[in-house]
Structures are given as structure tokens and as C-alpha cells.
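Shared between the two complexes below is chain A, which has chain B as its partner in the first and chain C in the second.
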Partner chain A sequence: MSNFLFGRYLPGSSWVHQMSPQSKLMLSFYFVVVIFFANNIWTYAALSGLILLVVLMSGVSIGYFLKGIRPLIWLIVFTVLLQILFSSGGHVYWHFGPFSISDTSLINGGFMFIRCLLIIMISTVLTLTTTPLAIADGVQTVLRPLKKVHFPVDTLALMLSIALRFVPTLMDEMETILNAQRSRGVDFGSGSLRHRISAAVPLLVPLFTGAINHAENLSTAMEARGFTDSEHRSKYRVYRWQRKDTISWAVFLLIGILVLFIRKS
Partner chain B sequence: MKDIIQIKNISFNYPDQERLFTNFSMNIHEGEWTAIIGQNGSGKSTLARLIDGLIVLKSGQIVVDGLTVNDENIFDIRNKIGMVFQNPEDQFVGATVEDDVAFGLENRQIPREKMQQIVENSLKQVGMWDFRDRIPANLSGGQKQRVAIAGIIALSPKIIILDEATSMLDPRGRQEILKLVDKIKHDNDLTVISITHDIDEAAGADQVIVVNKGKVVEADQPDKIFGDINKLTSIGLSAPFTSELLSALRKRGVDSPSQYLNDQRLITWIKQLISSK
Partner chain C sequence: MPVKKNTLRLNMLAMFIAIILLQTSIPLIGYIPIGPLEITIIPMTVVVATVLLGTVDGAIIGGIWGLTTFVRAFVWPTSPLAAIVFVNPIISVIPRIMIGVVAGVTYTYLKKHFKSQTASISVAAVLGSLTNTVLVLGLIYLFYKAKAPQLYQINIKELLPYLLGVVGTNGIPEAIFSGIVTPMIGVPVKKIFDRTGR
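== the complex of A and B ==
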């Protein structure tokens, strides 16, 4: 239970693992934007090739990616079906009321499928090769420009890292409370929806009380250790931009430009 | 001997609660291990928080190493004091062991290169360097308290306050932490204040202060305090096992010493008793 959320990260020392989190975050975002420019077989082929390269460079076996896709499969199927049934044009094979299937809609459905797959793949690479803590730090670096408009970037990053740190603690506590209530005969698994919701109340109340207690004690400890505010602090953990980041960006930018050239205008 | 902490005539109560301290005074000697014992609700932990300026004093004065505890001095005072709290979980701020030790250094804006050196050094002193990548969920209570101590060493304070720091540990973890603090105290010439329920922990101190109902009942060496079982039980504290044993023997007519003996000395005394018969 206590490995929840940290379990997705796979330790390693591959090219992708060694890249700085801020550049991985930005690259993933950039890649998703580029995906929406793709509109024909060649552009999708180029992007699929790129993602395969990334997967290879991450040193993570393809099985993990399939696991990442499984929970989202129904969402993908639903999106693809909508695309097939509602897009118009081309040679119509079948229609019923507002629904129709044509050759264009089948192709669009196929593209939609690849698009979903690509987005899931890139985000899975990010979470498999980057610790949640590093992602929090990456977010902080990426958001840094917002400091100019007095957005509390440092406070947000500290909050995020403390929240991540307490996830396993609260999970353990929930387990304890769950067992305590079970041993008193509370049944969480069955009964009507109303019954199950009312069974959750004696679970949530002690969990919240516990969380507030933790927060109070933690803030005392933080003060005792000289914490004043999150602005005036130095940083122990620094992720520097590396050559690997520059090279990866160069490759991604080139593919991006290529997509703009070969897309159907 | 110099008094590193002077508490002069303080009065304090939490909002809407009974007065905890009325004209309370107490001194802590520099370089000594002082144990503060007392029942639940006797104000021991409040005292620690008042010394560190974590709660605001209403009247009276506390002086820490020549500085009066007030808003102006508060950060200088917190630089001099390192506190280890009761719950190991609730003082672990960093996401990993390393990050947690660095937390206090980050607050003081120590440059990164220096920070890495200090973190390594501090973690090695408490024997947790090999665990530097671990997340708190994968550490035992005793290991977390070690990390908390490393976080304190990193800031090189003059005073360590253990606020029931061992009460949530098993007997072995407790012994290890106390041994560790003792070693660090000697290596760095520190003053230690341990607020505790554990009579055996208090028995190892240089000075014991018994607090009850916001008053100092007694302040003396542990030998003298723990010899008198009746006094301890009258304020709701249990006596150390060795004193209980000696008192039981006395009741059965064995001529036993009335002063406190630790385990080692008790064993020697029993051996002498047997060989003399």
C-alpha cells in the first residue's frame, strides 16, 4: 500500500531517465501540441517513429506501456466510435438516423486511435522515468516565470512535495482505520450505494482529523527548524539542463517542423 | 557552572484553559544532560515550546544563551536549539532522507555545495548515509528519529531538546537514540534537555527536574531523586525498577541502600550481598 504513487516510477539510468524533469515536462507538452497538427498517414508515421525511439531510449519494456493503456481502453474506444459514427464525407457504407460509417470516418477513427495512443505513450514515458518529486521540481522550474506576476510558485512547489511525502502516511492510516472499522463489523464492500456512502463517513472523519493533526505538528516542526517562508530558501535538489536535453529538443523540433511540412494543408 | 537557559517568573496558559505556569522559574546548566519529568499535562512539552519561541510567552522572561526569547531574537535562538519531537512521522518534511536533512539548511539559505557536504557529514554521524535515497514510508520510527537528529547536527546548535523523542520507539530503538544523542553531546559539547516519561532515560541524566502542576517539585541529581519512591508515587510518577526492588527488599528486612542504583550498580550490590553471606 505504501508504494502507491511511487510505484509507477521505474528506477533506471537510461537517456530519458537522465534528462532534467523540466525539459521532459515541456517536451511532453510540446509533443501533444504537435500531435494535433498531424492529419495524414505520413505525419502520424513520423510521430509514431519518434515515440518508438523515445520508448527505446527509456529502456522500459513495452509491457509497462500496455499496462498504462489498459485502464483507459474504454475511453479510447468511446472516442474512436464517436469519431467513426459522426464524421461525415466520403463514400458512405452504412447509415442509420444521425449515425453513418464512411471511408473518411473510418480513417478519422484510425487517426484518433493513434492520437490517443501517442498521448498516453508520451505521458507514460514521463511518469515511468521521473519520480513524483522530480516532477514537482520540474513544475516549479517551468512555472518560475509566473513569479513576475507574484504567483506563489515556491510555496506551491513546497506544498506539492509535502503532499507527495504524506500520501503513503495517509494511506497507511486509512488502512488502519479501515481494519479498525471492519473489526467492528462495518461492511464497506456491499450494500446499496447509500449504504456504502454512509459507511465511508466513519472512515473519512478520523482520516481528516489525523491529517489536520499531522499538519499542525509538521508546521511546529518546520518552524523549529527555521522555516519562515518559501521564498527565502536555497535549494538542495537542482536539476540542471544537460546536453541530453538539448539533443532531445533538437530532434523533437526537427520532427515538429517535418510534420508542418508534410501535413495535408 | 553557567546557566545556558534561565527561566524567570514565567506565567502561561493556553486560551480558555487553566493556568499552566504561575511564577515558574528554572535554570538549565550548560554542557549537562537535564531530564524534565512529570505527569501528562504537567506542562513539560509546553516548556520546551516556550524555550524555542514556538508559543508566545505572556509574562516573565526566558533567556537562552544570553538572548531573551522575543520576536527579534527568535531566529537566532532557533539557530541555537535543535528539537526532536515525539512523533517521527510529523517532523519529516523532506521527500527523502537527504532532502529532510537539507530542509533546515535550505531555510538558512546555505549555498548548495556546502549543503551537500554538511548533509553527507551529518547523515554519516547518525549512520543513515546509506539510506539517503529512502522515502520516510520505508523507514522505521527509530530511523526517522535518527534522520531528525541528523537534521539537527547539520545546523550545529548548542542545545538539543528531546521532546519525548523516544516515547514512540521500541526499547531497542530508544536505547540506540539515547546512545546516539549522548555521543553527539560529548563530541560537540552540547547541552541536552530531555523531556520524558521514561524513568530509565531520566536516570541517566546529570540533573533531573521534576515538574508537577506548573511547579518545580525537585531539582537534583538522579541518585537522590529516584531513591525516594514515596515522593515519586505521590506525584503520580513511577519509580525506576531498581528502586522498587530495593524498597521491596527493605520491606522484607534486607538492609538495602536508600539511594538510586542503576542496573550495573544494583548487580554489583547484589553480588556483594550474596558473597558476604
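== the complex of A and C ==
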């Protein structure tokens, strides 16, 4: 199943795998911000080079990335076409009604294509080298400053990791429910609007009921093991800041400064 | 064994977040495609969560959905519209939080004054769904009417009628749909929910 979050993790021991999840998260975020500063060929070249380096360091074959991009390619092409047809300014080659094609719109369209690719690449690196649970852990670390304003960071992180833990379980249950309904002759995915709407109900009711039962059982199990609050919990795996994180940040910051210098002002 | 309210609440929220994540990634239970349009079922999940857990928790679930939409707009957009519009966190997150708030307030009010739970959930679902559509539309209008967006240099003024058309044609059937289906899901699930935790 093609998916943007689950079942994409590839185990490994590369440089990127070994980095701490919090710095991977922040680096991805930082990278996306830097991408929006890029506005000429040199800045995009620098960022593409950086991504290539990251992909090499992740030890994941490039085929996985291409597989990740393939289902999105039409969407990107469509967005780029919108960009080309609807933007204004520059030397106009062709225009009809609200549509026009000009040299600036073509250049902007090309840049947008690269930008989409870069963002998808960095997020793919993140999900291929980090387990969902590690990402939840990273979120907890990144949000820690919010504790000062009494934002329940730990509770949120615990909730998130329980949710991520139960996504595959609920997915399996849904599969079972789907097959059970199919064996009774329910046809999903075709028929009139009313038919499809009524097909959703016998899917969702058991799914919700199952989820409620899970919540209750899990609560009992947690309390039986002495769970009181989510603030003072210890962790099985502790992710520490390492030298690899520092070096990666240094490289990313350098490229970021470079982009600021060579961008068209 | 009776469990503490806090633990149960934590786990209920976690389960609903899991369901939302599932719905955003599996088309069959998250979106119903009808011709060129797509009707989301996710607002109904938010409304059901609101009815079961209360207004605040419904708003949290809505907020999580909004955050998922926001992140997805960058890395895995569902449509070109999403890639353009939902990169603005105000447009992607706030309307979804408000689904929970509006549905919660409506439901608590109606429950006090009317007997029929089906009708209360139905009205709450219609209003919740409309809140989403109206706020998304309104915020797109507010943000993109005056100035061209900086992130994507598209001339939005020309695109605006198309955007509004798409969202509008989606929004009306979506509201009707949630009004009919949400009580069909909400009423039996609430019965089971009321039995838990004691």
C-alpha cells in the first residue's frame, strides 16, 4: 500500500539512520524553509546537491525514492501546469482567456517542479530512515519548550505514540470488516451516491466500536501496570544528540547561508 | 475494573487520532470519490468524537486532522488545491478545530432541549461540516483576495472562482451526507461508549 507515513521505514545503520530523530525532524523543517528562499538556478542547484548527498548518506537505493515519487508525479505536473498557465508577467508567448504562457511563468513552473521534488525527497528520507515511534519521540523533544506555557507535551507525545502503535491494528481490523461485509455481498467503490454512503456505515460502526474497546482494555492494562500520568515516564530508548547531528547541522546551515548569499535579491 | 477518567480519555483520544490517520491514508474509509468530486468522511469522525468525548476533545481531534492536512500539503498533497491552499496553517488547521467546537456546542445545547439524540447529532454534524467548508472558503478568500501568495506565485485572483466552485460543490453534498450518516454511526457507537469505563 502506498502510504506517506506507515510501513515505509527501512532498517539500516547509515549515517542518517543513526542521527537522532529530533534533529532529523528539525533539519527537514529547516530545509523546507530554505527551499522557499531559493529563487534562481544556482540556489536550486545547491539544494539539489545537498539532497543528493543526504540520499547517498542514507544508504537507501535511489529506486525507493523514485517509487515514492511516482504516484505523485501527475499531481506535481498538474500543479506546475496551473502555475504556468495562471501566473502573469514577463514576455507572453501565448494567451487565451484567463490562460497565458510567458517566459517567467515557464521558468517559475520549472522551479516549482524542482521545489516539489526536493520537499518530497527530504520527507521521504525522514520516513524511510525513522520509525513512526521515533518520530513521535522527536516531536516530544522538539515541542519541549512549550512545557513552559503548560502545554501538555508529554501527554500529546504519549497519545501520538499510542495512536501510531494502533494504526496497523485498526488497519487489520478494517480489512477483516471489509472482507466480512464483502462476503455478505456489499459492493464498495461502485454504485450510486446513496449506495456508497450506506456502504460506509457498516464499515465505520465496527471500526469505532473496536477502537473504543481497545481504549478501554489498554486503559485497564496501563493502570494495572501502575500508569499514573504521562509526565514522569522513563524511556526504553533514549535518543541523544550526537556528533553526527552537529556535523549535519553544520553542513545544512552552511548551505542555507550560501543560498541566502547567491539568491536573486 | 473501573479505570481512571484520565487514562481512559488519553486512550480514547489516541484511538481517534489513529482512526483519523487511517482515514487520511486509506481512500476507502476517508474519502468517497463521486465523479470528479471527493467527499470526505473525516468531519464525521470528528463529530462522532465530539459527541462521545466532549467539545474540547473534539476540537483536539479536529486539530490533529488539520495538522495532518498541513503536513501533507507539503509532502503528499491529495490534490493541487491542497498543495496551494493548505500550506497555510491557518487555513488547514483552524477550520478543522472549529468543526469540533461548533458541533460540540450545538450538540450540548440540543441535547438539553430536545429528546431525540438522532436529531441532535444530525444537526451538529451538518453544522460541523458546514463550518469546515465555510471557514476554509472564507479564509482562502481573506488570504488570497488581497495579495498574491508568496509561496506560489500564481495569480490567485483568476483562479479564485474555480477554487470556490470546487469547494462549494463539494461542501453542500458533504453537509447533507454528514447529516444523514453521522447519526447512523453516532447513536450505536455512543451506546457502546456509555457502557465503557465502569
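In this section, the second predicted complex is superposed on the first by the 258 of 265 C-alpha atoms of A that agree within 3 Å, B and C clash if a C-alpha of one lies under 4 Å from a C-alpha of the other, contacts with A are read in each partner's own complex, and residues count from 1 in each chain.
Please note the rule applied: a contact is a pair of C-beta atoms (placed from the backbone, for glycine too) under 8 Å apart; a residue touches a chain by one contact, two chains touch by 3 or more.
Quick caveat: nothing in here was measured; it's all calculated off a predicted structure.
Of the two partner chains placed by the overlay, only chain B lies in contact with A:225; chain C stays clear of it.
Counting the residues of chain A touched by each of chain B and chain C gives the higher count for C. Look at A:123: by the touch rule set out above, it reaches chain C but stays clear of chain B.
Once the two complexes are overlaid on the shared chain, A:170 sits against chain C while remaining clear of chain B.
When the two complexes are overlaid on their common chain A, residue A:237 makes contact with chain B while staying clear of chain C.
With both structures placed on the common chain, the touch criterion links A:72 to chain C but leaves chain B unconnected. When both complexes are overlaid on chain A, the residue A:83 reaches chain C alone and has no touch with chain B. Of the two partner chains placed by the overlay, only chain C lies in contact with A:207; chain B stays clear of it.
On chain A, the patch touched by chain B and the patch touched by chain C overlap at residues 3, 6, 162, 164, 213-214, 218, 220, 222-224, 227.
Residues 2-3, 6, 133, 161-162, 164-165, 168-169, 172, 213-214, 217-218, 220-228, 232-238 of chain A are the ones touching chain B in the complex. For chain C in complex with chain A, the touching residues are 1, 3-4, 6-8, 10-19, 21-22, 25-26, 28-29, 32, 34, 41, 44-45, 48, 52, 72, 74-77, 79-80, 83-84, 151-155, 158-159, 173, 177, 180-181, 184-185, 188-189, 192-193, 196-197. Residue ranges on chain B touching chain A, taken from their complex, read 49, 52, 54, 75, 78-79, 81, 83, 85, 87, 89-96, 98-99, 102-112, 115-116, 119, 135-138, 151, 155.
Chain A makes touch with chain C in their complex at residues 1, 3-6, 32, 36, 72, 75, 78-79, 82-83, 86-88, 98, 108, 112, 116, 119-120, 123-124, 155, 158-160, 162-164, 166-167, 170-171, 174, 178, 188-189, 193, 196-197, 200-201, 203-205, 207-209, 211-216, 218-220, 222-224, 227, 229-230.
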